[in-house]
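Structures incoming, each one as structure tokens.
Presented sequentially are two complexes of chain A, the first with chain B as partner and the second with chain C.
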Partner chain A sequence: MKAARFVIIALLIWSLSPLAWQLYTSFCTDQALVTPFAPLEQRWTLAHYQSVLQSNPPFIRYLFNSLFAGAISTALTLLLAIPASYSLSKLGQRSALIIKCLLIGCALFPYVLLFLALLEIARYLQLGNSLIALAIPYAALSQPLAVLLLTNAFSDLPPELEDAARVEGLSVLQRFRWILLPLISPAIASTSILVFLFSWNEYPIALTWISDSNKLTLPVAMARIAGSSIHSVPYGPYAAATVIGSIPLILLVMVFQKPIVSGLTTGAVKG
Partner chain B sequence: MTLELRQVGRNINKQWIVESLTMNVADNECLALVGPSGCGKSTTLRLIAGLDPVSAGSIHISGRDITSLTPAERSVGMVFQSYALLPHLTVFENLELGLRIRGISKRDRTSKIRQILDLVQLWNRAGNRPAELSGGQRQRVALARALIREPEVYLLDEPMSNLDAQLREDIRPELRRLVLEQRKPTIYVTHDQHEAMAMAQRIAVLHEGKIEQIDTPYNLYHNPYSLFVARFIGRPQINCLKDDSDHVRAVRPESIRFSDSGLSGKLQSREWLGNSQLLFLETQQGLIRMMAPPEQTIPEQIRLTWRAEDEILFNVETGLRLSR
Partner chain C sequence: MPLLILLIPSLIFLIAVFALPLFRYVWLSFHADSVMTGLVAIPNQGANWQRFMQDARFWQDLLQTLRFAFVSVTAEVVLGLVIALILNQPLRKRALIRSSSLIPWALPTTVMALGWRWIFNTPYGPIDRLLQSGLGRSLNALGEPSIAWITTVYADIWKTTPFVALILLAGLQTIPTDLYEAAKLEGAGPWICLRRITIPLLLPYLGLALMFRLAQAFGVFDLVQVMTGGGPASSTESIALYAYWNALRFLDFGYSATIMIGSFAILSSLIVIAWLVITAVRNRSTGAFAK
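Now for the complex of A and B:
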């Protein structure tokens, strides 16, 4: 028991200390960063946050861009993945297995290799500089993982629940509304988080599809801060931007923590 | 009002899961479907409910052909083995869902649910989720959901197999009161032949997707048409004696007596059953099970006999009964 606790604490330090370091950096003056142990009159500052928030366009703008692109791509992903997974869970074992193997193949494919082709498509269809259009490749790239996760959730449901509902006269849509969606909601929550995270962190596609500085997403905007000067790296503003960029994610996970954990640990309805 | 199956079959990948089932269930009659697992009894129920498509034959309720109707249009009430209650809804909401889909007003829904929950004595648990109920209570909710539809046919799929033996015995009279008093055709699927005999007027024995025999419990026990039925019905199992002839002689364990002459045997083991004892005897014609009164003493020289009329003869090849 004691050993287990030690391991957990070690793991927490391992994974949280870079974040703590970033948080610390974001509140330090430039002076304090380069002379960490010297006594200084002014060690703490909010200047980095001020500079980030008051830039033009303000950093909050990128936050909303990312939230917007993330929300649209998550919604689009679920809209396609839920019906697909339901059908897949009803399919014969053999064909379902073949499709699942293909999906795993797609999920493992390094998507960076696609981005030149995607760029061509975006140029041809004039999808550049649109956050809604950005959701299309995001939803497509998230599809394999989402379908696999949700198919498992559908397969775990006892088939008798739907049989009973059919005897009661519920149509497919009514079964979704009253039975299937409520029962797989933990899986939907954890899938949404993963899709949202992907879209939140995605860099190469966002970099190439969006050039209008009003429509940048967070990773691209942060990279711009980091590379804004050739003479120095603006550690402070960069750290502040990272902290601001992480807050929505932390909030999201905290809100959905319960369904995610219950979705991971139990078969949702069995037992 | 009767339920009628005419030559009904279900075919998956060119294999018959059930084949040419023909049966009639009258009003006020409970027919039990029994058979080993995989014999097609649950499939038969799903065909009647409309959950699986029928590949051959037709199904009729009160003379009306319902073969191509959807489950909802068939007016069947079904109780599932796992009860199939929705875990995220309360007892009340579980019962309400079907009524709501059928467009019944809130006031009528509430009064109907109240009435049915009073009947199964669960009104005080209306606000509970299924997880907060005991197995027996869940079973009664599942039953209430079937009753509330006022269906023309009741289908019960192993409704008590998730309950422990004592509870099963306690609930049986309750189940009889609730379902059989509706005076509707009822099909009761079970793998437990005691339950079948306790609940049903007639029993259909299924074997590899076909009906071996439909009969009263008495006739199944005393006049089985085939060796399969003879072996399947009755515990301890019937003794099957094989000599050099082309037939099998089957004798029930309680028909075997000790005597001065007859088949000689050796006691292998005995089981006390409380009101009787079960003896396992080794003979030249195979192992013989014998039911004896508990006070029965075992003679030194064991010789076994039985009355000729207690013996049933079956053809070795076909397994069918030979006329006496």
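Now for the complex of A and C:
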């Protein structure tokens, strides 16, 4: 028990101390950052937050962009994956296994290697600089995870349930709406939150598809600050941006930790 | 077969995003397509592949990527397993542990990558400050080629270890406790239990975590691009980053495609080898378990 408590504390410190340092940095004046023993009245400032929130475009904009891209991608992913998983759960064992192996293969693929061809597609179809269009690659990249998770959920339902509903005269859509979807809603919740996290965090594709500074997603906006100059990164404003950018995700993780973990572990157990 | 129709939209998306690019890369890899050709593809009789085989920078980047992947994934799985084993008991602060383990994993890589640049900054970051006051010397954690790659490994371990521990913990909790009770009655100590019960039953999880993490680490891009930009002296450059430079900095699409399809072939063969090794180990240990 003692060892466990020690490990928990160590884990907390390990995970959270870099974030705590960013929080601390974000309130320090530039002066305080380079001279550790600056006089107290010159130590603390809100200037970094001001500069981040008042920049053009304001930082909050990127959060909304990421939120928007994440929401649309999640919706599109579910729209594609729910029917596909339903059909996969009804397929014969062998063909279902082949498709599952294919999906695992796709999930294993380091998708960053796809960026060049996806960029060509975006140019060809004029999809660049559109947050809505980003949902297309995101939904495709999320299919393996989403389909595997939802297929498990559908397969776990007793088949008698749907048979009974069919006997009662419910159409396919009615069965979906009133029987199947409510029963697999925990799996839908896990899938949605995982897909949303992926889209919110995705970097290489957003980096190559979006160049309009009003439409950048959060990860790209962050990296742009780094790219602005190799040697003098504005660490104070950057730390403030880290803090503002982290808060929504930290809240999200704290609220949804259960569906996240259950999604990840069923993925690991049955995938 | 109306059921199959429901699969089609999903499959179309998968094919468009995974299969099409691969075919396109194979095709592009036999063409010159760069600023020199006005970004028009012209067949070049395998010149890309000749260049690829002789490209010292690529092979060095490949070695660096493999080094990064093996060291970080091994550390993550070993540390994650140790943490999971210690935490595998009824715990009270479950929600707190979960959240704090998930936060590093859930944050965008680029966010903390720049955070690390500040934390490992020489001479103003906290790590360097500590070293200066403690050892009286500076580490130059991001400026020294022999050290910088370890710094990036550290950032990756920070992000993923708690997450791996969480997955393995979930795996541990599926192992029925009566197995351990039975083993105890037979007089087995904790070490035997670990080797004969825990590890064999956890192998599917370990294998999966290992394969997924290796594949991801092989494609490392965000972390390196933002944290070091591949430097110093290309010492942290990954193959994904090299392919990216070729496409968007040198505007040589043909060669960039060659790098990507070449890397894909190398990765696929590595995964097949890893899978064979894992199944061999699993067969051996379940054999031992049966005895």
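Here is the rule we use: the second predicted complex is superposed on the first by the 243 of 271 C-alpha atoms of A that agree within 3 Å, B and C clash if a C-alpha of one lies under 4 Å from a C-alpha of the other, contacts with A are read in each partner's own complex, and residues count from 1 in each chain.
Basically, a residue touches a chain if its C-beta (ideal position, glycine included) is under 8 Å from a C-beta of that chain, and two chains touch if they have at least 3 such contacts.
All values reported here derive from a predicted model rather than from experimental measurement.
In this superposed model built on chain A, chain B and chain C occupy separate space and fit side by side.
Contacts of A:V167 after superposition: chain B is touched, whereas chain C is not reached. Contacts of A:L33 after superposition: chain C is touched, whereas chain B is not reached.
Once chain A of one complex is fitted onto chain A of the other, the partner contacts of A:L46 are absent, as it touches neither chain B nor chain C. Residue by residue along chain A, chain B and chain C are tallied for touches, and C comes out ahead. Of the two partner chains placed around the shared chain by superposition, chain C is the only one that A:C106 touches, whereas chain B remains out of contact.
Look at A:I179: by the touch rule set out above, it reaches chain B but stays clear of chain C. When both complexes are overlaid on chain A, the residue A:L97 reaches neither chain B nor chain C.
Between chain B and chain C in the chain A overlay, the least Cα distance found is 14 Å. Across the two superposed structures, the residue set of chain A contacted by chain B and also by chain C is 269. Only residues 3-7, 9-11, 13-14, 16-18, 20-22, 24-25, 83, 86-87, 89, 91, 93, 95-104, 106-119, 121, 124, 126, 129, 158, 161-162, 165-167, 170-171, 174, 204-205, 208-209, 211-212, 215-216, 218-219, 221-222, 225-226, 229, 240, 243-244, 247-248, 253, 256-257, 260, 263-264, 267, 271 of chain C touch chain A when the two sit together in their complex.
Contact residues on chain A toward chain C in their complex (touch as defined above): 1, 3-4, 7-8, 11-12, 14-16, 18-19, 21-22, 25, 33-34, 36, 80-81, 83-84, 86-88, 90-91, 99, 102-103, 106-121, 136-137, 139-141, 143-144, 147, 197, 200-201, 203-204, 208, 218-220, 222-223, 225-226, 230, 233, 235, 238-239, 242, 245-246, 249-250, 252-254, 257-258, 260-261, 264-265, 268-269, 271. Listing the residues of chain B that touch chain A in their complex gives 46, 49-51, 70-72, 76-78, 80-82, 84, 86-88, 97-98, 101-102, 145, 149. Chain contact summary for the complex, chain A toward chain B: residues 158, 160-161, 163-170, 174, 178-179, 182-183, 269.
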